[in-house]
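Below: a set of structures, written as structure tokens.
Look at the two complexes coming up: subunit A is in both, with subunit B in one and subunit C in the other.
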Partner chain A sequence: MSKRIADALFEAAYLSLITLFIAFSVIPVLVALVLSFDARGFMGPFPPTQFSLRWYERFLADDYYHAGLATSLIVATVATLIATLAGTLAAIALSRATFRGRAALQAALLSPLVVPNVVLGFGMLVFAARLGIVDGMTRLIMGHVLITFPYVMRTTAASLVGIRASYYEAALSLGAQPWKALVQVTLPLARTGILAGATFGFVTSFDDVGVSLFLTDAFTYTLPVAILAQMRANLDLTIAALSVIFVVATVLLIVLLDRLAGLDAIVGRGVYGR
Partner chain B sequence: MSMAVLELQNITKRFGSAAAVDDVSFEVQRGEILALLGPSGCGKTTTLRMIAGFEWPDEGRIFIGGDDMELRQPYERNVGLVFQDYALFPHMSVAQNIAFGMKNRGVKRAEIGRRVAEALEQVQLPGMESRRPSALSGGQQQRVALARALVTRPDIMLLDEPLSNLDAKLRLQLRREIRTILGTFGCTSIIVTHDQEEAMGLADRIVLMNKGRIEQIDTPHALYQTPRTLFAADFIGHANWIGGMLSRRGGEAGVVKTALGEIPVMSGDLGDGPATLCIRPERLSLLDAAARPDTALDAVVERHDLTGADLRIWSRLADGTLVQSLEKNVGRHLPEPGTAVRLGFRMADCVVLPGRRPQA
Partner chain C sequence: MLWPALVIMAPLLLGPLLALLHESLKPYVGGRIGGDDAGALTLANYAEIAAPEYVRYFLDTFRVGLISSGLALVLGFPMAHFIVRRASPPVRRLLIGGLVGTLFLSLIVRVYAISMTFGPLGPLSGFSRLLGIASNSPDGAELMVVLGLMNTTLPLVALTLIGTLQNINPRLEEAAMSLGAPRWKTFFLVTVMMCLPGILSAGITAYAFCISNLVVPMLVGRGFILFVSNLIYARFSEVANFPGGAALSIAMMVISVGLFYGLLHLVRSTWQEAGK
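Let's look at the complex of A and B:
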């Protein structure tokens, strides 16, 4: 009997934990969503009493945000493209390497995942200055390649592990040169991993503040940096409207990917889904 | 110029200090099906991979169609490979899979379409062009893998454990099909397997390997009837063993002194010394009173195992050795366990092998 009570208690604890977790992750988004439609011109008590689209209008009318959004999109796109190419090649090279120090090299290439972005940003700033690169856009792209690259490499490496060596060897025995076997067999089979890495990388880049903060200049800044600056200067609810746009954009990206490759394949099963 | 499509000359391959393949030489003739047979770790797969070009021999040379393969990459060899897991490209249709090799070898588009359809016809999967490999059964995948390799018209086909991924019934059926398909294409083939029945059923000749070396190369029949080593006799089929010392008596004749007395044998070219007699169960028979075999042994029946068509009778010899004999299950009355019997065999029914078996 007491065992049943223990089971029931455990189940209750488990359910409340999940509920709390969901509440913590969803409520802030909901609050931002509701506040973004607030008609009041100041940060009043929650919930708002009247609703309007004024913060969205302000965002749409504000060139400062537009410039940030454009920069963010360019940086994220270019950095993701570069990182996807480099990360995929690195993962393939590492998956075949047999030399000593392979694990160390892999750890080094993945290290931007664990090094704080502030450190990476500062490092890249000094590095770019030494190279004589003062252009904000170039610096930003360099920094963002650094933070998106590990995602692509990690997920591609993971999906390569699932691809049996016999596929590649079969291609060779059927007369394909190594590069052809790679392009026609290995890469298509690893595509879900590559795509997943690119997605995570893009989102990470789009979202980043730490690295970007060091690499922006007066004319080239990313959207998150713009939001941060605005928050400091004059806190108004445009930020809430922006947050909602961010969430919607992310959801759209995920839906798009789901259509293209199957979300299931990207986050879950890996190679053999289709 | 010999007719050998493939020739291995003194191939040795070491991994670290251990030789995975040790001084292996053999030839495969045009149209022949050869089996590389042996237990796991005997070097048969490494040998296959060296022929395909995925591993490089440390010593020795490989010739395909008379050409030295020393500097040829896998994609520069005209070899058809069927992998144990079939390795059908999962992101391509059946037709794309089969066309893959022809595209790489520059066959014209119209020709490719025609040959894909023809190949599917030949492996009895007509109209399957647009299917995905994952939508096929194991047996069908196997046949597509065969078609994909055969359609490039390779000098030699290599099949790595082709039936090990299938269940027992399907295996028997596919064994016949593979034989038919390879015969239709008239393709010289090597089949790697650890399954002696598969090797016996598919191959014209068997290369029996053990610990990286070749034990014996022979037809399935000869390998079973006249094994030349204890390993060969033990690996293929069942056998009864009687250990002793061989002394020659001039000519082919000899005698093996055993704990059960002297047994006359055909010693062949074997020298005097420790030897073991190998008698296949179906050659060891229960004797009736009138029988006059070359050798008769007293025994006591221990038990029977019915295998269906046959009855396996286990008896103990005077020196304690347990032996098995096969009797057809035709309703004849057979001695019950505990009965004293005489077991006999003719001189021609036993093989003398050099050396002694380690006591089990």
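Let's look at the complex of A and C:
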């Protein structure tokens, strides 16, 4: 086989894998978008023949989802605030630490990333019961701090790699108090990483199912848990409308993140970046 | 500066772990929530997991997870390569925005969209027939779980591999091609080989995410495919067998943490020995 044909075949395979990737990521979202406007009251074949806003109206009128959304927002905000505060300080401390067991401590703090969420949720449920905590909100926040902390710490730690410790030391040698050097030198330099970490943490908490399923009670449940319960109970298309709202919110979040931090800054440009 | 993290995280990490360990050693008494506090501690809950009908769930979890993360690498690497080496700045920005967006989009929403698309009434319901699989068979359910898991891990894999590829000198590929190597040979023998540690790390991370998944098998596995996570949840929600669920949790935790750090260590030590 000549080199030209082999190159053409390779190029075709390469481009079809990329097309497949995009199609696989985009088509389901488009299908949900179309279905959310379906006017039929039953699950009919695709595509729908008549369109309406009935599923959006139903979502807007449904208190069950509203309560879930409110809980999700409260839990995600509180958990992210706690995790960002503790996680940022820990990332800075660990980036400078030289003590023995530093790597082990870091691995332990990041370990919730590797342990299945179901295990964390179940463990937290049993732990909270032993402590006598039966309040859904308290349990949820405990569980969500546990899962958001590693995301915040890891993202912030990655952004600290590029910041030289000498800036902080220069501030100290010029007579700044350590806390002042931290607040005025290190934190502003790390703000992209902290912002990205907090965003990751918030999204992780807001999307979580595995931990929340164990920690909700009859009155306090998160939005994903509410959706899951509805999904298993009946197959109406309110969830398609909800999916579209989620997609729109995610797009807005990405645009905001790009404006505030720059997506390239989060992904990084690498050593040989153009 | 470490103390806020230690004060907050130490109880949240150790409390559930110790509570689960203790719970898993209690004897299970049918009909009551939580193990029998009065009974002597026992290993019976662990012995139960080793029964063949339980081992099946572990094997399903590891097998389906391997297929899904493997396919995610096959699709994710060319995409990362395209973004790093070929895309113009606006296209690059759009694709990265799309990847981060997919990563941020609620998992439930993504699985729902997949089931609507590839399900019996969906526009791509013929996809399983294309592969010679009946959509209502156990294989059909497995295919849906694989598609769901791939959708979860693809953005993660692609974003991680972008980081890897950005640190590989493009001159090496140019050199290979200017010396007459065909594109495919350059791609596999230079680019892929140089990225191999990064590819394996991304694969291991994707695998860890796949095998801990609860939502995908729950929503599209139709009872044919159940992961260990589903089994743990059923112990809690359906039969209230807390000691049994705790033993399963501890076993699953030991296996996932061991696999993740063990494999990652293997990758790192192999490439360090090779002089990198």
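Going forward, the second predicted complex is superposed on the first by the 266 of 274 C-alpha atoms of A that agree within 3 Å, B and C clash if a C-alpha of one lies under 4 Å from a C-alpha of the other, contacts with A are read in each partner's own complex, and residues count from 1 in each chain.
One rule holds in what follows: contacts are C-beta pairs under 8 Å (C-beta built on N, C-alpha and C of every residue); 3 or more make two chains touch, one makes a residue touch a chain.
Quick caveat: nothing in here was measured; it's all calculated off a predicted structure.
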item: Three-chain arrangement built on subunit A, subunit B and subunit C clash or fit; value: fit
item: Subunit B versus subunit C as contact partner of A:L189, first or second or both or neither; value: first
item: Contacts of A:K180 with subunit B and subunit C, given as first, second, both or neither; value: first
item: Which superposed partner A:I82 touches (first subunit B, second subunit C, both, neither); value: second
item: Which of subunit B and subunit C A:T250 touches, first, second, both or neither; value: second
item: Broader residue contact with subunit A after superposition on the shared chain, subunit B or subunit C; value: C
item: Which superposed partner A:S25 touches (first subunit B, second subunit C, both, neither); value: second
item: Per-pair minimum CA distance [subunit C against subunit B, superposed on A] in Å; value: 18
item: Subunit B and subunit C footprints on subunit A, overlapping residues; value: 271-272
item: Subunit A-facing residues of subunit B, complex; value: 52-54, 73-75, 77, 79-81, 83-85, 87, 89-91, 100-101, 104-105, 134, 148-149, 152
item: Residue ranges of subunit A touching subunit B (in the complex, touch as defined); value: 164, 166-167, 169-178, 180-181, 184-185, 188-189, 271-272, 274
item: Subunit A residues within the subunit C interface of the complex; value: 3, 6-7, 9-11, 14, 17-18, 20-22, 24-25, 27-29, 31-32, 35, 43-47, 82, 85-87, 89-90, 92-94, 97, 107-109, 111-120, 122-127, 129-131, 142, 145-146, 149, 153, 182, 203, 206-207, 209-210, 213-214, 224, 227-228, 231, 239-240, 242-243, 246-247, 250-251, 253-255, 257-258, 263-264, 266-273
item: Partner subunit A, residues of subunit C touching it in the complex; value: 1-2, 4-5, 8-9, 12-13, 15-20, 23, 34, 74-76, 78-79, 81-82, 84, 93, 96-98, 100-102, 104-110, 112-114, 116-118, 121-124, 147, 150-151, 154-155, 158-159, 162-163, 165-170, 182-184, 187, 208, 211-212, 214-215, 218-219, 228-229, 232-233, 236-237, 242, 245-246, 249, 252-253, 256-257, 260-261
